[in-house]
Amino acid sequence: MMSIASNSQPLLTMTMASAILPQLIIAFGITLALLLVAWKRSQRTIALFTFLTLFIALLANVSLQAMPATQVTQLLKVDGYSTFAFSLILISALVALRMSHSFLKAHVEVHDEYYLLLLLLVLGAGVLVASDHFASLFLGFELLSISLVGLVGYHRESNYSVESAFKYLVLSATASSFMLLGIAFIYSVTGDLSFNATIPTAIYHQQGLGLFFQLGLLLFVSGIAFKLSIAPFHFWTPDVYQGAPTPITMLMATISKVAMFVVLLKCIIAQRYLLLENFQLFLTSFAVISMLLGNVMALQQQNLKRLLAYSSIAHMGYLLIVIIVTSAQSLAFTWQSALFYLAAYTVANLSIFIIIALIQQQNTSSLYQEDISLTDLQGLFWRAPSYALLMILGLLSLAGIPLTMGFIGKFYILSQATIAHAWWLIATLIIGSAIGLAYYLPMIFKIFADTPSDTLCDTQKMNGKVKALGGDIIEQVLVYSFITFGLVFGVLPEVINQLIAS
Amino acid sequence: MTVIPLFHVLILSTLLFAIGFIGVVARKNTLFILMSLEIMLNAVGVAFIGAGSVWQQADGQVMFLLILTLAAAEVAVGLALLIRMQKKYRSLDIDLLNQMKG
Amino acid sequence: MTLSLIMLALLITGALAWRAERYWQGSAKWLALMSLALLAITFAGFVINYAISHNNDFAQLQVLSRINWIKTFNIQYSIALDQLSIVLIALTWLLAIICVLVSWREIKRHVGFYYFNLLLTIAGIIGVFVAVDMFLFFFFWEVMLLPMTAIIAIWGHEKRYFAALKFFIFTQVSSLLMLVAIIATGYFHLLQTGQLSFYYLDWLLLDIPLEISQYLMLGFFIAFAVKLPSVPVHSWLPDAHTQAPTAGSVLLAGVLLKTGAYGLIRFVIFLFPQASVQFAPIAATLAVVSIVYGAKMAFAQQDFKRLVAYSSISHMGFVMLALFAFNSMAYQGAIVTMVAHGLSSAALFAMAGMIYQRIHSRDLADMGGFWQSAPRMGGFALAFAGAAFGLPGLANFIGEFLSLVGVFQVMPEFAIIAALGLIGSAIYGMVLFQASFQGAPKREIIDLQSRELIICGSLLLMLLAIGLYPMLLLKFSFGV
Amino acid sequence: MIVLLASLPFYPLVSFLVLIAFGKKLSWQLAAIISVSSIALTVLVSAILLFELSASQNQVLTVNLWHWFDLTNQMGTSEVNMRFYLDGLSAVMISVVTGVGFLIHLFAAIYMKTDANFSRFMAYMNLFIVAMLILVLADNLVLLYLGWEGVGLCSFLLIGFWYQEKSNILAARKAFIVTRIGDTSMVIGLLLLFNTFGELNIKAVTTLAQQGHNLAAGSSPVSSAEQANDIYWIALLLLGGAVGKSAQLPLQTWLPDAMAGPTPVSALIHAATMVTVGVYLIARMHGIFLLVPEVMNYVAWLGASTLLLAGVAALAQTDIKRVLAYSTMSQIGYMMLALGAGAWSAGVFHLMTHAFFKALLFLTAGAVIYALHHQQNLFKMGGLFKKLPFETSLFVVGLICLMALPGTSGFFSKEAIIAQLWSSSTAGPMLWWCAILGALLTSIYSCRLFFLAFLGTARFSENTHPEKSTLLRSALIVLALLSLFGGLIPLDLTLVFSTVIQTPLAQLIEPTWLHTVAIITPFIGILFSWFYFKNYRLSPLKGTKHNIQPSKGKFVVFCRQGLGFDACYNALLVKPYQWLAQINKHDIFDQIIMLNAGYVNLWHDSLIFVQNGSLRWYLAAFGLAIMLLLGVSLL
């Protein structure tokens, strides 16, 4: 039972520092940003500065890939998996940063808090991804939640922002207190807050205090499930996704999901919670409900963001299968399938949200980018083929159709489930993806549908319209790069497998 | 100094937590919801302190310090939102916040 | 290697056609036609000189190339050819050219993108017929669906979205079951030989105990039963056919149904022999029910294309019955029926397209007495309806007779009920022909033009050739 | 010479293709010349072939065109190829088909010259001759089946030639589907046959069956019993096919409706050639039928019952062509009776003579109808002997052959059949009496037809304009001569039916009065109808205007509609099938699946209700979920 303060080695050796270099870069970035704000208040510089910090952190993180797993103080442990997850997070942050330019231009005053909150959010996620101790988990969780509350309610004038911010605040506060209570009960029984503490297996089954352990475990998992928007605790997701501005919804859908899932997986594997059979029961019930509920509720959604919220609930259900069926000897394979699926899910969501942001840019009706409905997609393919192609790729990837990363992700999960003979989970997955097709495909058909004004020959119409869809060179580059990302990794997933396999 | 068994501490914190949770669910005024959130967090603090003392480790108290900072941050953001809600809706009734549904 | 190049060429010419259409009108269809013809010739040339240089008659699977694709699962990009796939690919080439000819004047919106999708579907279908690695097979199996659904959804008729959605969900759900079966067999291979592989030839050496192979076989069977519509899961076909554009339904009926039958042959009967023998009675009942049910439903239809769609369900019921009889006579009958059905249903759908172009309706009530104003079209329609109900001298009769002889030796009572299906086919054949071409002439329609004559003429010639001299085809399927 | 045999069916095929390709452009004369000359050519070639046949050593000519396909079963593979096989029986058939066909083509060329798509008509007639020749010359049963279906298709096309009227289409469809039922039973027969003998070549099958039979007599009973049972079923199924095509009892309802087609069609297809195809099949497969006497008994009884039924129905008809149709049905009943009784050559001989006089009757009826501006109702004719003397005399010739008055060809063939009935093992005295009763009925309805149409007063006002063209009349005269003196054509089919096993059991002593009764029955019939139908033939007394109405009696109307067979088939088969099709129009399976989709949408609506946007409800749900999970984990 090693307490934090009393140990002889120096607190932070060189190897440890280099291990958590990306997180350190972002932390210094935040402080420098605060100083920058004091020195010269202009939105362009703060945006550029944030871009630089994130970019350098990404470079540092990628260079970390080859590094063996190192324990940085008792709180953090950086290994191949966390670096891959953190690079995913940094990429999504960069894309969100790019997308928020147009959104912020709509208001006159300078928005340096926006960028600060963004950096804080990324730092929180970084801490979470590398955490190895309940305290660091708690720190990362809170950093993430509080900064997200600020970002969700960023627009003062929009009528939804107060409502969604408040809903998110109250619900995330309750969830974190549930989680903390859970951690407290676990701590009270096991006596050690770090993940890889050796928990005597006897504890799992003894009455009395053991009961508190199980209660604590349930509370802890429900707190995390809230953040991952898993079925019974998903109620906040549709409203907050719709209320928040699009770049922030993109962040919520990708960064918070990736970070939370990685930390949940680390904690469950390290603490070997799966030995408890009703823990297995909780997770299976979570997975089945969220798979069915997410898909069914998304069926006739008209608002795109609400639809994507429900589809993210369903996808978290698919991901849970990876945890349920994991077994001691196939840990590496579990990590590989989980991270690949997360990568596919993130790329798909990023591509869809990029297109939603671009569409919202040009129709000024929804200044605060809340209500983007299915009819806005009408005939997008004939107006802007490249945008439509990216949207279709994203949707196909979410639906799990070959040619896209989503399919390889689903293939991973299905192979894991078949090895573990989890036939019922496979059946739910198949039914879920069948229902999923019932709302992904109509969206694609809508993209191909003829716009009512499509009388004149479509060739001239196309040239005229693309310019109108706006988006200067960087957006075009972003769109084309994501198309190539989606296709290349869809057809040749081997590239990512190397990255994960450490 | 009589040793208070861990069991009692945990029961106390669960009860306190339950009170806070009911406060959050039942209350109509947003201010009281924030207050009940505080109660829940303090209940967790109690549990940590109790656990820490049983295991003779400082971890419990360190966690409690962290919880306090969290509570402070949350309340700050909560009150800010409260003010904006007041300006926008002219009332603090939580049930006004239900435009987004379906 | 040339086979992958052919598929790639199809993709590239598709994109080219799409681009070319933007600059000068009408170039896409010529480009598509030229590329299809050229690639068909290259394919034929490749097969012939491969046969000569390696002097084998493709009786066994000739593996053409194996390139590592996904190392973590030991998945290779491996393709191979044998007699069955050559026959079916030849059918695909022919029907592809027919499709381009049929949609010459019918497609007016987004013409370039249409030909892109058409060529992509053809590439997908050829991929399905040549893929030997199970993952690659599944990959092509799904890739084939995407452009096909796009064709139905974008260029279809009034209820096209519903039909495209139904078509996609039906096939997708059943192929997910197949994916689970593929993975399970792959890991069984790992269990047995310690090395995970999805390679078809490795799987052939596996001996899986019956109670496991039974379920694996079922996973494959359901996916192929949906594609080859057998009764309980057939309801996507009539909708997809009625709403698809003519070329779409020609392709759908002509070739996509054959991928189901091909899958049955290669991945159910050859891969899990004991399980399929044990499953044979159930499959035979399903087949017989779909023969009789298809014929009955066809009789009740008012829509020209829906009637022909139900008739294809009845014909494919014959194929399934013949396959599950496990004797070489029935197997040859199945192959001839597949090719014959491909040609005759493609012809009937082309005919439906031509009628639709003239009177903009598919309802038999609007038709009537066309023979008066379009005698040539009437003649061809009679010949194709004759082929549909198994008139001897045309290809379908040979297929049906061979499969009936084969099935009779193994399960006589099923053969007798299937023979009753012949009466059913005569009834709907009569209804189809008489309602549209005989009776009091309601409207004047112009007779077949030169392009349409080429289509009908070539198809009729093929049907007659196979009908009168089936050795053309039969010496190809001795391999079993 | 072999090339001649191979090329026999190809002359009409060429003319068919020419007519189809350039149909519209050809004038009437040119089209007529092409089609009739091609049939003339076939007549010439078949004459040469007949001569060659008699010269050849074992009276058999075969030619192999090309290898069609192979059939394999456990006994090994047997080749099925396009081979023509000419022996005594098929010689008779091709002479009938081409000879009578040529005359009918000649008649049709003039009769149909005013029709708009004349060339299409002649094309179908040629195609019919092609299919008929293939059927007759086929050496294996699959090729026979090809001809069989081809003939069915042509009869469908020709019956529904005037496809503008709805009734013609229905008649054509009915004909095709009813014959198709027969064909399906024949296909099943073929399957069983191949399964037992492993061979579909007719010669080989008959020899195998014989060996099997002789062997069975000696060897173990097991294999023979099972094989005998198979042979029983094969014979029965082949009989089903024959019954379908030759419009015998169970499947005869299509023949009367087939009269909707033009008259030359009824003459060629529904009198001379197609309907006799069933008889040809049974004659050709006599080797099989001989082994199963019970089936031959069924054939006999079937023939007899159709004979009587058709005779009774013919009595009640009002349309001249329907009377002839029922008379054809009864004459074929005679042939079936003959085959059933084992009198093979007599049956085939009657087939030939029947072709002559029935074609003559139909053609003259056609000429009469043409003269009376397409009036087919007997009760609207009358007194024609004054107006159309030529047609009347020909009709009389036809009728006396039909009634088998001594000296005519009908007499020779019918007497041959009746003579062998009494003592044959598979028929018997009972059937002999049916045959006599049938002959009586035939003579009665013939006289009724003659009196109604030709004697009595003219019950029509417009004047007749008979077709006077010499070609047409010469064709009719040739036919009349043939039907009068056809009986003298020497026909020795002993070689074909050599395998007939002489019935070992003792000859039943035939009573002497057998022949006399057979000869005098037609005269009794004439006498009876002379008195019974008195008012039909006598011109009414001056001043009293009485026109004869078809009797409305319930029984007579019942007979007129083909003794209720039509009605009961409609009620039992057609209506239920249509009803079944209509109720399941929207595909039960489809609805089940759509039900699931609906169910999911129902789920969607109820769940959306849960997401009602109020924060406190979300929190309550949060707590509820935890309580639930806690409860579950405690259990």
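Every chain is named by a letter (A, B, C and D) in the order it is written, and numbering of its residues begins at 1.
Following the convention adopted for this analysis, a contact is a pair of C-beta atoms (placed from the backbone, for glycine too) under 8 Å apart; a residue touches a chain by one contact, two chains touch by 3 or more.
This structure is a prediction, so every number in the text was calculated from the model and none was measured.
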Handout entry: Centre-most chain, if every chain is reduced to its averaged C-alpha atoms
Key = C
Practice task
Sort out for me whether B-D or A-C is joined by the greater number of C-beta contact pairs.
Solution key: A-C
Completion exercise
Per the C-alpha centroid definition, the whole-Å distance linking chain A and chain C comes out as 43
Practice task
Between chain B and chain D, tell me the centre distance in angstrom, where each centre is the average of that chain's C-alpha atoms.
Solution key: 97
Problem - Whole-Å gap separating chain A and chain D, where each centre is the average of the chain's CA atoms - result: 79
Problem - Distance from the mean Cα position of chain B to that of chain A, given in whole angstrom - result: 27
Completion exercise
Multi-chain contacts in chain A, i.e. residues touching at least two other chains, fall at 166-167, 170, 174, 238-239, 438
Fill in the blank from the handout: Contacts with two or more other chains occur in chain C at residues none
Practice task
Note the residues in chain B that touch 2 or more other chains, in rising order.
Solution key: 21, 24, 94, 97-102
Problem - Pairwise chain contacts, counting only pairs that touch as defined - result: A-B, A-C, A-D, B-D, C-D
Practice task
State the interface residues of chain D toward chain A in the complex, per the touch definition above.
Solution key: 597, 600-601, 603-604, 607-608, 611, 613, 615, 617-619, 621-622, 625-626, 628-630, 632-633
Handout entry: chain A partner contacts - residues on chain C that touch it in the complex
Key = 21-22, 69-73, 109-110, 135, 138-139, 142-143, 146, 149-150, 153-154, 161, 164-165, 168-169, 172-173, 176-177, 179-180, 183-184, 186-187
Handout entry: chain B - residues contacting chain D, complex
Key = 21, 24-25, 94-95, 97-102
Handout entry: Contact footprint of chain B on chain A as seen in their complex
Key = 1, 3-5, 134-135, 138-139, 142, 146, 149-150, 153, 156, 159-160, 162-167, 169-170, 173-174, 176-177, 180-181, 183-185, 187-188, 191, 193, 208-209, 212, 238-239, 242-243, 306
Completion exercise
Residue positions on chain A within touch of chain D in the complex are 166-167, 170-171, 174-175, 178, 214-215, 218-219, 222, 226, 232-233, 235-236, 238-239, 278, 281-282, 285, 293, 296-297, 299-300, 435, 438
